[in-house]
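Below you'll find a set of structures to go through.
Look for subunit A in each of the two complexes below; its partner is subunit B in the first and subunit C in the second.
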Partner chain A sequence: MTNKGRSYYLIPYYLWIALFVIAPVLLILYYSLFDLDGHFTLGNYVNFFTPVYLKMTLTSFWYAFLITAFSLLVAYPAAYLLTRTKHKQLWLLLIILPTWINLLLKTYAFIGIFGTFGPVNNLFDVFGIGEQQILFTGFSFVFVSVYIFIPFMILPIFSALEELNLSLLDAARDLGASGWTTFRRVVFPLTISGVRSGCMAVFIPALSLFMITRLIAGNRVITLGTAIEQHFLVTQDWGMGSTVAVFLIAIMALFMMLTGGSRKGVQK
Partner chain B sequence: MRKNNGFSNLYLVLLFAVLYAPIFYLMYYSFNSGGTMHGFEGFTLEYYREVVQDTRLMIIVINTLVIALLSSAIATLIAILGALAIQYVRNRRAKNTLLSLNNVLIVSPDVIIGASFLILFTIAGIKLGFVSVLLSHVAFSVPIAVLMILPHLQDMSPTLTDAARDLGASRRDVLTKVILPIIKPGIFSGFFMALTYSLDDFAVTFFVTGNGYSTLSVEIYSRARQGVSLSINALSTLIFLFTILLVIGYYFLTRRKSRTAVAIAEPAAEAGVPR
Partner chain C sequence: MKPLVNAFLAIVVTALALMYLGAWMNSNEGYSGGNTLTIYNWGDYVDPELLEQFEAETGITVIYQTFDSNEAMLTKVQQGGTTFDVVIPSDYAIAKMREEKLLLPLDHSKLPNLAHLNPRFLNLSFDPGNQFSVPYFWGTVGIIYNPELTKGMDFSSWNSLWDSRLKNNIFLVDGAREVMGMALNSLNYSVNDQNEAHLQDALSKLNRLSPNVKAIVGDEIKMLLAGEEAAVGIVWSGDASEIMDENDKLDYIVPEEGSNIWFDNMVIPRTAANVEGAHRFIDFMLRPEVAAQNAEYVGYSTPNDGAMKLLPPEIAEDTRFYPPAEITDRLEVYDNLGKRMLAHYNELFLMFKMNKK
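Right after this comes the complex of A and B.
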C-alpha cells in the first residue's frame, strides 16, 4: 500500500490548515506593521505602549480577572454540590442547556432586567433604595459575563470532582481533618486541573468578547476585543487593530503555556 | 455518599433560578401587549405575527439555516479527511503538530478569527457576503468536527482494516465499507456540533458579512443595539423552542451509544465557550 494515493484526499484538510489557520495569523502580523496610509511602520507597536492603550489593556485584564474570579467563586460550590445530588446527569444537562441558547439573546434579556423600569429596579424600589442606573456600568458587565460563563466553569470542575476518589475524603476524616482542612488540603489540590481549565475557558473570552460590552456596558468598558472590533469595523484602522490582536494572541499563548505547563506538574 | 442539606439545596435552586430567569423573562414579555419589557399589560400574539410576516426576517432565517446546513456538511467532509490524516500520520511529532494546528481555531477568540478572516477575504478579493460567511463558517467548524470524529477512529481496532485488506478489499472499499460505518456516530456528532457552532456564531459573521447579507445573530445584535423590541423576544422564544428540539433530537441520536446525559454533556464541554 503506497502512501501516495492516500495523500490526495488529505489535500482539503491541509489546504484548510494553510488557508484558515496559518495564513490568518501571518496576515494579522503583517498588517500590524502598516499604518493607515499603507506605509510600513512600527508606529502601531509604539502606539500600543502609550497610556491610552496600556490603560485599556489593564482595565481589560482587571475585568477579565474579576469575571473569572466571580465565576470560580460561584461555580466551585455549585459543582461540588452537583456531584452530591441524585440524578446528577439530569442536573448537569440543565446547567448545559442555557449555553445552547444564543449568547446575544441572553445578553438582550438583561437589557430588560437591568433597565430603569426592570424587575431589579422594582425590587430596589420596594426596599426603598430607589432607582439606580444599573445598565451601562461596570457592575452589569461583570454580572452578565459571569452569568454567561458560569456553565463553562462548572463543567470542568464537575468532571474533576467526579474523578475524585471518595475514599480519600473518608481517610482524611478518619485521620481527624476538619471539613475545611479536608477541602483545603485534599479536595481542592486534587481538582485544581478542573479549576485551571475552567479559568482558561473563561479568562480568554472575557478579554475579547465585544458584544456584551457593547450591549450591556455601553461604551463604559472597553476591552481588547472591543478595541479590535472598533479598529476594524468603525475606524478602519486595520494596522492598529491587528497590533491589538497580536498582543491578544501573545497573551493567549502565554496563558496557555502557563496553564498547560503546570497541568503536567500536577499529574506527576 | 452524603446527602445535601437544606442550605446547599437552596444554593443550587438559586443558581438554577438565576440561570433560567433571563430566558423565561424574555419569553414571558414576548406576550406583553404593552410593548416593553416591564409592566405586563395583557396577553397578545402580535409580536409573533410580526415575526412571521416580516419577510426580511424570514429571508435572514432561511440564510442562517442554509449557511448552517451547508457549512456543517462541508466542514464534516473536510473533518473526516482531517481525522484520517491525524490518525494515519506515523510520525508522533507531526501528529502532535497537526493536532495543535487543528485546535488553534477552537481556542482563539472570535474577534481574532473574524478580524483575520476579514483581512484574508479582502486580500483574496472575495466579496463579503454569502461566500465569505459560508467559507468562514466552514473554517471554524472543521476543528470541532475533527475532535468529535477522532476518538472513534482511535477506538477502532486496526485489525479490522488489516482483515479487510487481507480479504482483498481495495482502499476505497476499506474506507467506505469499514472505516466510515464504524466512525458514523462520530461523524454525526461532528456534524451536529458544526451545526450548533454555525447557528450560534455571532462575532465571526459580524466581521465578514457585507452590507446586504445578514444572519440571525447579526440581525438580533443590530436590533438589540437600537433598544428593546418585543419582536426579538418573540423570535428568541421560537429559537429557544427550536434549540430544545435540536437538543432532544441529538439526545435520541446519540442515546443508542451511551444511555446518559453525558452524551450531550461531553461535546458541549469540549466545544468550550462562545469565544
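Right after this comes the complex of A and C.
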C-alpha cells in the first residue's frame, strides 16, 4: 500500500479528534471569556485566583493525590500476585467485572455499607470498637474513590508485569541481589511505564470527581468538579464553569507533559 | 477480516431490528402523531391511575416525562428539542419562563374548575392574575426532627439548629436558596434579601453551624433521615411527608421566624403541540375528586378547596402540611433574583460548604 493510500485511512481519526477533542476544548475556551450577561470579560480568570477557587484547587489536588497513592499501594502488590496465580484470566475478569456496573449504583451501595446502622458499624460493634461515623468523611471519600478506580490501576501494571522477562529475576538473584534490591533495581524500573499509565488513568479523573463528593462525602469535600457542576446546572454561569474547566484541562495537560517527558528519559 | 465484517453486519441488523420493534410498539400504543399529550413533570408527582382515567375519558394518549430540577427542565424547554404540552415548574422558574416568553397564556374560559382553587394560592407575585399558570401543589421548607433522638428539644425557631447538642446531627438539603434562606430567616431577614451586609451576616452565621452539619445532600436526604442517620434535617414539606410515611417517629415543623412557601404550577409552554388537550388536562387535574386522589397519592399539599373537603380529615386537618393562613402569611415565595444575585447566593453557599468543621 502506498503512503498516500494509508493517509486516507487517517481521515476518520482526524475528524474524530477535531470534532470531539479540539472543538469542545475551543468551545470551553470561548465560553470562559463571557460573563453572566454574555459580555466579553476576563473577569472569570481573575475570579479563579480568589481564595475560594484556589483552596478548591488545592483540595482537589490533595484528594486526587491521596486516591492515586492508595490505589497504587493496593494495585501494585495485587497485580504482582495476579501474575503469579494459576487462573489469571478468571482473576482478571473478577477485577474487571465491577467496572461494568454503573458508578452511581456502586456509590449508592456504599451509603448503606458505611451507614450508622450498616454492616461495617455492626462489625465494629462486635469487636467492641463502637459506632463510628464513616460516611461523610474524607476517609470514606478516598476509600470509595480508590475502590472505583482500582481496576484502572491494576490493569496497566498487570500487563507491564506480564511483559517482564522472568530470566532477569534469575539473573539478579545469581548476581547476589536480595529480594528487595531485585524489586527496587530490576522489577520496578521495568514496570514503571505501567505504573505511569495507571497513575494517569486514576489521577486525572480523580481531579474532577463530583457525584461522589455529594453522595459519600456529603459535600464536606469540595472539588473543582463540584464547582463546574454547580455553575453549569444551578447558577447557569457557563463562563465561570468553563473557566474552572480550562484550568482543569491546563493542569491535566501539564501533568501529562511532565509524566510523558520522563518516559523518554528512561528509554534513553 | 471476515469475522470482523460478520460482527459488523450482525450489529447493524440488530440495531435496525430494534428500531423497527420500537416504532412498532409505539404505534401499537397509539404514540404515533396526532392525539397525544406530552406532560413534563417531577418524578413520582402524579397518581398514574389518574393519567389512565384521563386517557379513557378523552381518548388522548398521555406521554409522561420527568425532570429532577427546575434548571434541567428550563434548559430542555429552552432548547425545544421535544415539544411538551404541559409542564409543572416551580414559582421562580415560572417567573423566569415568563420573562423569557416561553409560556402560552391560559384560556380561563376552558378551565371552569379554576373556581375550586383557594384564592390564597392565586394571583401570586410570580404570575399576577394567573395568566400563565395554575397551582398544582404547594408546600413549605421546614425542619424535620426525630423527637426520640433530640430528647424534647423545641424546633419552633431556626436558631435551635445552632444548639451544641445537635453536633454532627443535621442534614441540609443541597440548595443554595433553601440554606441561605434559612440562615437569613434565622436573622429575621427576608429569604429574598439582597443587602450585601445581610448576606455576609448569613454566611458567617452559617459557618458557625458547620460543626452541627453532618452532610449536605440531595434526594438521598429522604433515605438518610428515614434511616435515622441524623436526628434533624432541613427539607421541603413534601419530602418530609414522604419521610414520615416511612418512619413515623419523625415530626415536621415550620419555624416561627418565617420560611419559604413554594408552588408547583401547571403551565403550557409556547412550543406546545396540543394546546386544546393541555387545557383539558389542566382542568381535569383541577377537578376536586381528581385533585384529592392525587394529593393522597403524592402526599403534597393541594391548593384545591374542593379537594380539601374530600380528603380524609387526618390529612386535611394536619396543620404541619396545611398550615393556616396566619402562618402562611409569614412565609415568602422565592423571588426570581436574577442571574447575578442567584450566582452570588450560590457562591456564598459554596463558601459555606468549603468551610471545614
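The working rule: the second predicted complex is superposed on the first by the 247 of 268 C-alpha atoms of A that agree within 3 Å, B and C clash if a C-alpha of one lies under 4 Å from a C-alpha of the other, contacts with A are read in each partner's own complex, and residues count from 1 in each chain.
Note that in this section contacts are C-beta pairs under 8 Å (C-beta built on N, C-alpha and C of every residue); 3 or more make two chains touch, one makes a residue touch a chain.
The model shown is predicted, which means the values in this text are computed figures rather than measured ones.
> Clash or fit: what happens to subunit B and subunit C when subunit A is overlaid?
Clash: subunit B and subunit C overlap once superposed on subunit A.
> Does subunit B (first) or subunit C (second) touch A:97, or do both, or does neither?
first
> Pick one for A:84: touches subunit B only (first), subunit C only (second), both, or neither.
It touches subunit B, and subunit C stays clear.
> On the A-aligned overlay, A:111 touches which partner chain: subunit B = first, subunit C = second, or both, or neither?
both
> Applying the document's definition of touch, where does A:225 land relative to subunit B and subunit C: first, second, both, or neither?
first
> For A:176, using the defined touch cut-off, is the partner it touches subunit B, subunit C, both, or neither? Pick first, second, both or neither.
neither
> Between subunit B and subunit C, which makes contact with more of the residues in subunit A?
Counted on subunit A, the partner with more touching residues turns out to be B.
> First (subunit B), second (subunit C), both or neither: which does A:52 touch?
After superposition on chain A, A:52 lies in contact with subunit C alone.
> Look at A:233 in the shared chain and tell me whether it touches subunit B only, subunit C only, both, or neither; answer first, second, both or neither.
Once the two structures are laid over each other on A, A:233 reaches both partners.
> Between subunit B and subunit C, whom does A:214 touch in the aligned arrangement: first, second, both, or neither?
A:214 sits against subunit B and subunit C alike.
> Of the listed stretches 19-27, 91-99, 163-171 or 217-225, mark the one in subunit C with C-alpha atoms clashing against subunit B.
The answer is stretch 217-225.
> Considering each complex separately, which residues of subunit A are in contact with subunit B in the first and with subunit C in the second?
111, 115, 117, 214-215, 233
> So in the complex, which bits of subunit A are touching subunit B?
1, 5-6, 9-10, 12-14, 16-17, 19-25, 27-28, 31, 74, 77-78, 81-82, 84-85, 89-113, 115, 117-119, 122, 147-152, 155-156, 159, 166, 201-202, 204-205, 207-211, 214-215, 225, 228-229, 232-233, 238, 241-242, 245, 248-249, 252, 256
> Give every residue of subunit A touching subunit C within the complex, in rising order.
Residues of subunit A touching subunit C: 36-37, 52, 55-56, 59, 111, 115-117, 133, 135-136, 214-215, 217-220, 222, 227, 230, 233-237, 240.
> Over in the complex, which subunit C residues touch subunit A? Could you list them?
These residues of subunit C touch subunit A: 69, 71-72, 168, 171, 174, 176, 214-218, 220, 223-224, 227-229, 339-340, 342-343, 346-347, 350-351, 353-354, 356-357.
> Which residues, counting only subunit B, touch subunit A once they are in their complex?
Contact set of subunit B toward subunit A: 1-4, 8-9, 11-12, 15-16, 18-23, 25-26, 29, 36-39, 77-79, 81-82, 84-85, 88, 98, 101-102, 104-105, 107-120, 123, 136, 139-140, 142, 165, 171, 196, 199-200, 202-203, 206-207, 216-217, 220-221, 224-225, 227-228, 232, 236, 239-240, 243-244, 246-247, 260-262, 264-265, 268-269, 272-275.
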